[in-house]
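Two complexes come next, and they have one chain in common, chain A, joined by chain B in the first and chain C in the second.
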Partner chain A sequence: MKHLLLKLEPIIWLLFGAGLSIGTMLLTGFVIVVGLAIPMGLVDPSALAYPRAHALASSWLGRLVVLGLIALPLWKGAHHIRSLSVDFNGGDRDGAVGGLLYLAAGICSVLGIIAVAQL
Partner chain B sequence: MAESNRHMRVEILRFDPDKDEVPKSQEYEIPVEEDWKVLDAINYIKDEVDPSVSHRWSCRMAVCGSCGMMVNGEPKLTCKTSLADYEGSIKIEPLANFPIVRDLVVDMDGFMDKFRKVKPWIVRAKERAEDMENLNEKGTYSQSPAELATFKQFSMCINCLLCYAACPVIANEPDFIGPAAIALGHRYNLDSRDEGDRGRNEIFRGEGTAFSCSFANECSEVCPKNVDPAAAVNQAKLGAVVDWAKGLILPREGA
Partner chain C sequence: MAGAAHPEAMAPPKKGPTRTAPPQMPESWWGAPRIRTYLLFGATGIVYFLAGTVVLKLAWALGTGPEAWDRALGDLSHPLYLVFHALTLVSLIFVGVRAFGTMMPKMQPRNGPLPVLAAGTVKGLIFGAWAALTVLLGLILAGKIFP
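Up next is the complex of A and B:
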């Protein structure tokens, strides 16, 4: 198990990078639509009515996007917190903090897959 | 030179490996001119006050990269840093994250070893007939201005080591290959004449290289030549991961 995190670093970074991109692009769009456009009356609220939204989310592409929105930012957050902890505490890059964070992100990603499969 | 009215207290970290157990600081009160750089103040001390002060410098125009020091705790090229930006007193120390040889001089050997690891030269897969065709009459490979523009920024590094002094990862892990070395390797990966990117990507995927970077961006903040090593590191990460993913899908020649 020694150096496991260091060996997985490129894959972790890929998930982190994807989470960062999806976080900045899709979540920003989401906030603009739900937080600004609908309250300001620019978009008809019925566009996001439950049956319509459910139909969109439960299509194959929809499930994939929802899973990406759930799982990838978790990896982004885990990687950020691990990097901060290493930079500020002088911690071990291969240590338990990173392992636990990625384990949590992994478990929640699996839960996300289950949730999306049941849509 | 006209006598200046302005005086400044300059604190310099002193260390003589033959006499001192630990570095100690020494203060000098000197007259300064309005247009002086920090390096001028150190040179004045060396020439007029205390010839035992040791420091590195050469070109005085931000090209040679030898006068990097910590000025009030920040890595600076002292020939490019105006004294006028500081009030009353100033503290000069050798670059952080490096072993001190003497006073303000640091040991660069570890850094040079890191540089060699990224193969900072043009790698050709094999000598080919078309190589000879691409050679122009001067005996060099042709390259268009657009191809040059893809990496030119990353080739402007003057090896001043400021990015190593600023990097929080280097501070924790002295073996980390560091911003300038990754930027240099990435510069060759982007070079249209080079074919060594697979080898360098493998190096970048290894432990203690590109993926040890936590993207604090401090290297780009302190870089006096606007190389933006943090961007190079991030691009190198992406290149290394894409190369890894390609290796999973496509069979490799000679693999």
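Up next is the complex of A and C:
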């Protein structure tokens, strides 16, 4: 597993870097409005009523942004949790931990692609 | 004047794997601010991973239909979701300030075709892009643009 992870490292780092930079930039506005302002009543929830939300998300740019909001934080998260595990003397279990985390990120990313395709 | 040292002068008699001590976390890590900040930066990965799954849940509900979407959006009013999203916002700002403000200005390629920009310029460009994208996405989601 460790050997496979080393081979995949350029792809993993690409996704991690994109998650760290683009993921952070995209997620900030999303969390402020969808995660906090609408539930707290600071923004009218009708802004994200189904017809408008669906119209926004189902455009090609909307689908790309939604997929970015799903997949990029997952890969940033998976890689950072792996590195946290290594920091706490997890060098020996790194192959298994890293493999599981990337598998979870990969499965959720595929589910994200399916979710976006269904819009 | 002494001549240049032979490149193999310090090489061991037999070639072998580089001898390095395995990395170990010092036992007093919680008392070292730099290690603590570094670990907190890594721990934001847990929040990011969960945030990705929350967006996946929302996207899935949006594709399912109006009832599922209304239910998923309504779930976000639960106090646990509010606390989680407040924590996510703190994590995003922490990651952004550390990565965009401290790390990225130092990560410019030094020997590429592009000129190396001053750290302040890089910070300004990245923070500007972050702020612009946040405001734009926020206004669109809040219905102020493309109502």
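The rule we apply is simple: the second predicted complex is superposed on the first by the 98 of 119 C-alpha atoms of A that agree within 3 Å, B and C clash if a C-alpha of one lies under 4 Å from a C-alpha of the other, contacts with A are read in each partner's own complex, and residues count from 1 in each chain.
By definition in this document, a residue touches a chain if its C-beta (ideal position, glycine included) is under 8 Å from a C-beta of that chain, and two chains touch if they have at least 3 such contacts.
Remember, it's a predicted structure, so these values are computed and weren't measured experimentally.
Engineer: After superposing on the shared chain, does chain C or chain B touch more chain A residues?
Structural biologist: The partner that reaches more residues of chain A in the superposed model: C.
Engineer: Report for A:L6: first if it touches chain B alone, second if chain C alone, otherwise both or neither.
Structural biologist: first
Engineer: Between chain B (first) and chain C (second), which does A:V31 come into contact with in this model arrangement: first, second, both, or neither?
Structural biologist: Once the two structures are laid over each other on A, A:V31 reaches chain C alone.
Engineer: Which partner does A:S83 contact after superposing on A: first (chain B), second (chain C), both, neither?
Structural biologist: Touch status of A:S83: both partners.
Engineer: Quick one: is A:L48 in contact with chain B, with chain C, with both, or with neither? Answer first, second, both or neither.
Structural biologist: In the superposition, A:L48 touches chain C alone.
Engineer: Between chain B and chain C, whom does A:R93 touch in the aligned arrangement: first, second, both, or neither?
Structural biologist: first
Engineer: Please work out whether A:L15 is in contact with chain B alone, chain C alone, both, or neither, and reply first, second, both or neither.
Structural biologist: So A:L15 meets neither chain B nor chain C here.
Engineer: Considering each complex separately, which residues of chain A are in contact with chain B in the first and with chain C in the second?
Structural biologist: Residues common to the chain A contacts of chain C and of chain B are 83-84, 86-87, 91, listed in rising order.
Engineer: Residue numbers of chain C touching chain A in their complex, please.
Structural biologist: By the definition above, chain C touches chain A via 22-25, 39, 41-56, 58-60, 62-63, 65-66, 69-70, 73, 76-77, 81-82, 84-86, 88-89, 92-93, 95-96, 99-100, 104, 129-130, 133-138, 140-143, 146-147.
Engineer: Could you please specify the touching residues of chain B with respect to chain A in the complex?
Structural biologist: That would be residues 168-169, 171-173, 205, 207-208, 211-212, 214-216, 237-238, 240-241, 244-245 of chain B.
Engineer: Quick check on the complex: what are the chain A residues that touch chain C?
Structural biologist: Against chain C, chain A makes touches at 19-21, 23-40, 43-48, 50, 52-54, 56-57, 65-66, 69-74, 76-81, 83-84, 86-89, 91, 104-105, 108, 111-112, 115-116, 118-119.
Engineer: In the complex, go through chain A and note every residue touching chain B.
Structural biologist: Result: residues 3, 6-7, 9-14, 17, 83-84, 86-87, 90-91, 93 of chain A touch chain B.
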